[in-house]
Amino acid sequence: MSHGSNDHHHHGPDHHHHDHPELGWWRKYVFSTDHKVIGVWYAVTALVFLLLGFSLVMTMRWQLAYPGQPLPVIGALFSENVMPGGVMLPEFYNSLGAMHGTIMVFLGIVPLIVGGFGNYVMPLQIGAPDMAFPKINMASYWVYFVGGIVMLASFFAPGGAANSGWTSYTPLSVTATAGQTWWLIGMVFLITSSLLGSLNFIVTIIQLRANGLSFFRLPFFVWSQFVTAFLLLLAFPPLEAAAVLQLMDRVAGSSFFMPTGLVVSGVVQSYTGGGSPLLWQHLFWFLAHPEVYVLILPGMGMVAEVITSNTRKPLWGYRVMVYSLVFLGFMSFIVWAHHMFITGMGTRISAFFATTTMIISIPSVVILTALVITLYRSSIRYTVPMLFALAFLPMFAIGGLTGLPLGLPAADIQLHDTYYVIGHFHYVVAPGTIFAAFAGIYHWYPKVTGRSMNAALGKIHFWLSFIFINAVFTPMFFQGMAGVSRRLYDQTLYQHGVEVQGWTIMSSWGAWMLGLSQVPFILNFFLSMRAGRKVADNPWESTTLEWAAPSPPPHGNFATVPVVYRGPYEYSVPGTKRDFFPQHLTKAEA
Amino acid sequence: MSVAVLPHTVKPHPITGVYSGKLGTWLFLASEVMLFGALFSSYVLLRVGAPHEGPAAWPTHDQTHLSWKIGGLNTIVLIVSSVTMVMAWANLKMNKFAKGKMYLAATLGLAMTFIIVKLAFEYIPKFTHEPPYLPSTNNFFALYFTMTGLHGLHVLGGVIVIAYFLGPGSKLWHRDPEYFTNRIECTGLYWHFVDLVWIFLFPVLYLL
Amino acid sequence: MDAAHADVSKHVKAYLAVFAALAILTIVTVLVAQIDFPGAGNVIVALLIAAFKASLVAAIFMHLKWERAPWIWISLVFCVVFFAVLMALPVLTTNDVPPRVEHTSWGR
Amino acid sequence: MLRLLRDLSMTKAGSHIVRRGWAGLVVVVLTVVCIMQVAPAHGQAVAPQVKVPIDGEYARGLGLPTDVSKHGHGIDWLIHATHVFMAVLFVGWGIFFVYCLVKFRQRPGHQAQYDLVKAKPSKYIEVAVLVVEIVLLLGFSVPIWASVKNDLPDPDKAFRVRVQAEQFAWNFHYPGADKQFGRTDPKLVDTAINPLGLDREGDPHAKDDVFAMELRIPLGVPVICEISSKDVIHSFFLPVMRVKQDSIPGMRIPVWFEAVKEGTYEVACAQLCGNNHYSMRAVMYIQPTTDVEKWLAEKSKPPEEFVD
């Protein structure tokens, strides 16, 4: 068939770039199909959401530390309906709590580390000109954006934003105020967005790798994005189904999650009944456990990139790490009911889920161990990204280890739904993933802007964040041990709450100080764009392909399509002149 | 600014043996399996856990008011549309554009028949029945409306895509027939999946 | 494209055969549903027929019979495994409860 | 930093990224202000609670509260053992980590080694971690769980209470002298006088049933709490008793325990159940059997206005 000849290939999805080299502002920056512009959009939007989610929690922490006392200065700015006299109402507290979780998980961290870093760095690291489906990539961002707006719009619904926790347990969420409906619609958008994004990632990694870049030459970060994309692809749809079912319960009056004979505030509910409240938890955690790994795996990937570059040493146990990653991803689908031990679970099924939970801890240990052993006999360069990456290791270890007593059903009886759980998963996600994301920002900033961030400000940012983030989360373990339940508006109603109130106050002050500690980062982030030191294409002297492209890379990324000759982390190779051996250079060129 | 053209959009990747669109479609279908899987899982859980008496009890055959005749008719309609879909692709593959387009039009017609039958003989009579059968009636109807509704939305999505390729999308054939044929193949994969879901929905909702 | 032509024209016969099989099996499903099998017999028979029909569609119409791309198969295997997990574990969990847990429908 | 500020002040309006970034900050500020000004429904004031002096210590050892249950030491032991194991891992790992940070810092004359070390110890450690985890799970956790969940005592010999959760209170339903719980019906629920929906007229078993807002249990006798909920999911948490069980509407789930120490303790709700989740607290009194019986007998006399 003559039509299949080469020149027809130019009529691919983005052929119009040939015809119109000068794209208008809208096409260039807003409806761009360039993975880098989309990546930056994702990252900036996600950072905005992270800041927003964090400011919500900083407000909450006043009520926790000084219950019933008016919030100084800022409290006066709030409407009398949510904070009369500057004192937060419990329903506003619950709204803030639910929205903090939702914003951080679904609008902040995942879009930052997957949508932002994944979109920007992954195609560069595999030597691709763009994502496999650039238009779908753009759609993914805009659907996410709309989802975020819908989520925020729920603050304006009568009765305030969703207030049933980020887990939205039924029947509470079904009987909750209108904000919950917005939450569900927002979730449907976000799930659709991550579905579009994840299939794009998978296809890109499978189809668009540069010549010579076999799977076992992929940077660890690309592997982490690959596994993450599979988790998003297969774990999110059940939550979409669950969100539809909950919408039906709320809007059409069905009883999927509503058992017979509910009496709310003395009023017999009109639901026909026959539903199962636990069905929601199954469908929710079927997503949300893999989601935990979605939150952490790209973080591990970024840390691996930063550590290898700054130890000037190959990654220890690269293959084992990849196998562990795949195994983690696989196992994450069969551990979810460990979030449900105390819903009334029998011995056999709880033992099953506890066993899978213990098994899944091993690959995490393997990855962490490999990263630490990489430090052995290396030459550690204490750059700002490296500081964040190094801090990630012990703090992720704390997060991981404290998961152990929660995974043992008997110990979970005491610790479930206490602050211990909060401390545990925040250690994984906040000093874990967010520190990894900071490492990533400092590491790839020169690639995105062509300028490096200020190291002095970076170090101030690091040390302040490191100290205060521990001040926020360590007290939570002691509160949890004492039996303080999570999501309490005022723990001092309980004697055991009163006794550990000191820890709460410490945690609150930690949070506010942590907020202040971000000022150097925000300044650094913006000022360096104009005033940062101009750097070469490969300022860190790294080996992976993204550093072979110009900084910032043009649309289409590489001037010449790179060919890959070796593994991703060939540092300090004996017999070479420099201490790094880029993937795309031949022996002669190096 | 020069832009490198994305490889493997039309021709299969020499190593993975598939062009990007087809792989993407299959991945999308994998996630769809999980979406409908969650609904089927909910069906099993709710049906097994339903009370044995009272208004929330699972309805018997007489109480479901679903006619296997209409369901069966729609099953046949979807199966025929699957055949016409695959025939459309086969004819395009054999370079018979007119015939392929005809089959595509037939698929579109059958898809719309399915929706019309669904609305006219099932949804509307149930809503207007006295008393009406609604999602709030019991969990059988709630599941029936949710599952067939979601499936119906998928059919509607298929209608839009097929209509696009019959209309403005068909220009692509004159530029790059192979690319167009590939797109029809991906549409077909989706369409067969919609058929496949119905193959399970029919016995589960109408017969069991 | 000649090889492809030959392939495709061979397939057409398969498509028509599958169509006939699907139509017949639909009728069989309906007929079988009228018989009262013991226990969960009806469910098993109906789902077996549906599964068989679905695999015909997947194998012939969706060309899985001729599909060689490894990543499609890998994705599908993962999908099927997790689908099985999703179908099985919630039901198993709800069935393994401590003794004397009652499912009440309060106040009927 | 000053240099940066100066440099910025010298530049013209920033690139699109700069503008977008500042725009983001503006969006955050605006959104926060908007959120501050929105108007959800007015809240109701929470009824002030009567403060009863609570016994027990809440910061022993690692911080676990006093244990007054017969089975609790197993759970405590497991929590402590797990933490010792975690501490050993973390400290050992941390020593190696800090050693690397100091020893292998970049400095003149120091070079990274390309060859990967053979790290057999890491394999042993990983296997050891798995073994210890499995021992903790199968050797301790599973047996404790099985005994707590499955070995329910004979209901005839145990002290039974039905715990019915609602937003935002714990209702305790005692069977009375006939040891039979009366029928309850949602249609009979009256938040003021009959929150349980107890059918006092229709069911003879209900006549002597006791409803109370406090949990009063005998010392040294197995207690079975049958936990259910009227509206949403709550979680019945007795910190000093090492008991926690979600209360799921549509299910009645028994938990059992035996108190070994008298005193006054707290009942908490551990699952977010709505606006006043934080105030869903009750008091648990552990007393000698005779005192509990006396209290029940007194309470089971119907109040004047309900006598027909």
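The first chain written gets the first letter, and so on, giving A, B, C and D; residue counts start at 1 in each chain.
Everything that follows uses one rule, which is that a residue touches a chain if its C-beta (ideal position, glycine included) is under 8 Å from a C-beta of that chain, and two chains touch if they have at least 3 such contacts.
From a predicted model like this one, the values you see are computed outputs, not experimental measurements.
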Given chain B and chain C, the chains that contact each of them: A
Chain pair that, of all pairs, has the most C-beta pairs in contact: A-D
Between chain D and chain C, distance of the C-alpha-averaged centres to the nearest whole Å: 42
Between chain A and chain B, centroid-to-centroid distance (C-alpha), Å: 33
Interchain centroid distance [CA atoms averaged], chain A/chain D, Å: 27
Contacts with two or more other chains, residues of chain D listed in rising order: 149-150, 186-187, 197, 230, 249-251, 253
Contacts with 2+ other chains: residues of chain A: 1, 4, 202, 206, 234-235, 238, 259-261, 273-276, 278-279, 282-283, 286, 344-347
Contacts with two or more other chains, residues of chain B listed in rising order: 16, 18, 23, 27, 30, 34, 37-38, 41, 45, 49, 51, 54, 56, 95
Chain contact graph, described as a line, ring, star, complete graph or other shape: other
Interchain contacts, given as pairs of chains that touch: A-B, A-C, A-D, B-C, C-D
Residue ranges of chain C touching chain A (in the complex, touch as defined): 1, 71, 75, 78-79, 82, 85-86, 89-90, 92-94, 96-98, 101, 104-108
Residues of chain C defined as touching chain D within the complex: 97-107
Residues of chain D touching chain C in the complex: 149-150, 152, 184-187, 197, 228, 230, 249-254
Residues of chain D defined as touching chain A within the complex: 1, 3-5, 7-8, 11, 14-18, 20-22, 24-25, 27-28, 31-43, 46, 49, 54, 56, 58-59, 62-65, 74-76, 78-79, 82-83, 85-86, 89-90, 93-94, 96-97, 100-101, 104-106, 110-114, 116-117, 119, 122, 125-126, 129-130, 133-134, 136-138, 140-142, 144-146, 148-150, 166-167, 186-187, 189-191, 195, 197, 230-233, 235, 237, 239, 242-246, 248-251, 253, 266, 268-279, 281
Contact footprint of chain B on chain A as seen in their complex: 1, 3-4, 8-15, 17-18, 21, 129-130, 132-134, 136, 195, 198-200, 202-203, 206-208, 233-238, 240-242, 244-245, 248, 252-256, 260, 270-276, 279, 282-283, 286, 554-558, 561
